[in-house]
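Here it is, the structure, as structure tokens.
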């Protein structure tokens, strides 16, 4: 039985993670933390979990957390996360970090996009990026896994195989992404007030969303190419679900069939990637750990569509998939 | 041309009111106020009104407002509203108050439900309740009109004629009400954060919503009966629209037809009440000043259904209807 | 391993049921039927289940079904359901019927509300009503269980204990109910077209919804009283979730605390009923088998609020709970 | 007073058009048609218009229509529309056609995309495309105006000025478009059933949407360039609103400021195009005839965002704007 802690357990990803871990036969959730001094019961914070788990959220030191947990799931904001994680690792915990702190390899890129010095720069380039479809073997033995961002997950899964094979050109890639509003987190904000966000559709952070360097880094290093993606996210009036529509120049005479064929071959043994012929909607994967992908040749472009649940495959489901790999459980445990 | 001011012009009712007043051929909006010290342009506060009106929101004294406006629409919170209105009236303005301050007649009832002493108690019982269907003639000459609450509007329009005629008994009336989320105002709150309120349905303030004494007072005084309504509001995951389902004991052998007949007769000449045979939905009246009402006899109860747009007939449209009466314009001006 | 069949597997309740059964360690789904002659793969009908189950929907005779399945979940329309079920029972299957066919005891009441003669009237009064909180022991041994309607589940769980104890009076009960739109089924209809139903709220079937006699029968027989509920359902613009707001005359000096105390005591050992002090929203129980209930004393009424997921506790979760009882598995298997 | 007829008056664009025309001081709506033989009253078809207009929908010949109307608004499906319009024109009516029939100039392109021979090919290239921002003067005198498609309106208004000035290159343009569901029309369809479309986001008709040749034709002819746009539409779970995110290669060292500057200059005198610095949402223009546009330089691309209400600026509002031009009324009449 692996003892698990969740740091920063008040948000949506923590709630979803708890729902999954409570179904995992080999996990006991022992610890939930908050950085506030009030000590709310988990049922107050997440009413849906009432009677499922009898724990109080506490403000605990890393040392204390390490006494209670073997594996720590970090749902803290960037920078705050790295500050805690090095101590947890030193104390012998294994860590799956939902923040962006260990996703990027280069402290300068981090400082540029996150506007803060990284507290633990040396560990950045040594940390595995927790996308099992690309890095499964490295995840297995890792003490620390950087859980991918939601947009990068959907974008990379669609683009990576075709970039590596050379079917699409690395330059000029456009990623037009759409996300449900849980992706923006739980703290209320004016523009996410129901009557503002409902029946509304807005682009945001055009040309400056922090997932941009993450996508470029993973695509470039894994596929050994040099990308420079244009990334445009949009908020969609729905709770959950994320769709990436990506456009790349085809390198030659690729057809819809050949693009689908390459994707099918690459993902043939993957438990959570479904290459489909129809155009997938976000509801097809809502509340699941699946990523549905399709491709079309249009003019001289490959149009790729990739659909995930931003809270599951884009966050908490991916974390459990990583956890299963790290502790040698069947990869789909608690995820089907 | 009547010069109009809107006090507290940052909220949803102010935005809707502006949209209506900009269509009114005899109104010039000269003044918008905010209690903040920043002086935002109306286009920043209400992007939908960009290029429609070139005004800046200002923090102004009543005296200054009275210099610029003949008629003042008050969208301030309760208590704050009454504090300003007496000065405006003294300075010669006529006022339509959206707050609850002058709806109730009794300062003790006000203090009990609003938990604050009324700043201008003497004027309470002298102020007309701005529901044209019940008080049209008194509204015409009034210096100050108390614009009704949204729930009371829908509830009273359904119940009042049948209570006065004796078709339903005054005791034991249940008002089960449902409202879109603009009814809760524009300031963001945790439970109105999109992912909390969307795909959710919640009762609130059961047995202690402040519209309860307003409904009882108007029904009791106008119909000359003694009611004691049970009022239960619910939040519905939609922007606008309000539906009241009201239950009262039939006094005798009323049928669906006789109930509809009474309502039809009572509202025969009303421009904004439509008595319908089908069950009305909120979308039938969205973005309009109409109230659609129907009735059914079920068991020994009359079931009344009444549907309005909470921001129009429940607030800003009602205010313009009152304005038209006060200034002797055709009652439907700017409202169709 | 129990072999399961689902009849009429194209709808929402079948999809939810499949999701639950695929998590059940002791169930193998062997058979899915449709009354159409096309034989679609389950992944075409329910894209979310792609790669989870490799079955084709078939139009099969009861005899054929009985060869393949031990337990049959019937998701057929009323009348069509009873026509098949008697054959399945004769062939040795146990059956959990989602239709209304075996919920009512009296063929005349059935004929009056469903406007068709019952095909198997003799079995009606012998069939257990599958609400474990009231009829757990009878469900255990039953060959056939009538799975309750969604509205009756929410209404009965709130009202039954207080009626039996005498805390509320049986006459004059009002049930104002609100449901997400999956409750109306999967076949498209004009008034459920997205732009008609979205941002809309409508009452329907006022005074003549078929769940009315079901509620009255169960409350009256179980609590040994004579009820005659007024039942008013409303459609809410959300996928799933159901809230009942019920009003009954208190029999004496019941307080909010005493009402909550009675409910707490009655449901103390129930795994899926949570008596709460706050006002529950439908999202608290979405995608779960829980029913959250609270109570308030308002005036001389008890106001009861009860919240379920109409597709889970109101249909498929209840069916799995019944299945677990029938086959002696732990009652919460596959439901947490 | 211009007498107006609406052909095919059962849909959403007809309903919105009626709402606008009822506010127009110089229009009398005399005729509503349907191709069904039932003769429903407009209040049955559009409950929101009850008591606003006392007309019955009728199945009328073009000759009969021409007797009753000076100007005909055609809301018929493609092909059906052209079959009627030539007769109406011969009978002396002026026509604003919402269908695609007279938008394209080339019968072969029409036949290829609409899979039917055009019934009136000779008139195609002579008909003005009803986008006032590009073709105002030709619209004024036109007997027939082809009202633009919703996607083309949003896409062309963003792209045309920058293509003409040479700021962006004509080849390789990507138009990623998102629309509310009223854009799909009123007849119910399985994938638009509320529980299918709600909380869902789906691309559709990728690479083969019929608005593609319309966009290419107008951009190419007006800006005198040769485009070949990649157009990808998506369905968004909201009633109305349309957002186009368009990507084009910048021709040189254009900056965000210079792109905005060009747009501002081009649209300086337009009553319904607002060039904004912020990223516009669809709600900023909902229920209005405005198109809000912004631009960003990202990498070597210009990212253009354009937002309209698909039913107003994308259909009925545009029609009224065209009507005002044709009959020499102030262009904003009934539209503010």
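Remarks
Chains: A, B, C and D, in written order; residue numbering restarts at 1 for each.
FYI, contacts are C-beta pairs under 8 Å (C-beta built on N, C-alpha and C of every residue); 3 or more make two chains touch, one makes a residue touch a chain.
What you see is a predicted model; the values in this text were computed from it and never measured.
The chain pair with more C-beta contacts between its two chains, of A-B and A-D, is A-D. Mostly identical positions are employed by chain C and chain D in their mutual contact, as over half of the interface residue numbers are shared between these two copies.
Relative to chain D, the most remote chain by averaged C-alpha coordinates is C.
As a whole-number value, the distance joining the C-alpha centres of chain B and chain D reads 36 Å.
Centre-to-centre separation of chain A and chain B, using mean CA positions: 46 Å. With each centre defined as the average position of its C-alpha atoms, the distance from chain A to chain D rounds to 39 Å.
Along chain B, residues 180, 198-199, 237-240, 280-281, 283, 286 each make contact with two or more other chains. For chain B in complex with chain D, the residues that touch the partner chain are 22-23, 47-48, 50-52, 199, 274, 276, 278, 280-281, 283-288, 290, 292, 336. Interface of chain A with chain B (complex): residues 12, 180-182, 186-190, 192-195, 197-199, 237-240. Against chain A, in their complex, chain D makes its touches with residues 172, 174, 176, 178, 180, 196, 198-204, 206-207, 228, 230, 232, 234, 236-241, 243, 245, 247, 279-283, 286, 296-299, 301, 303, 305.
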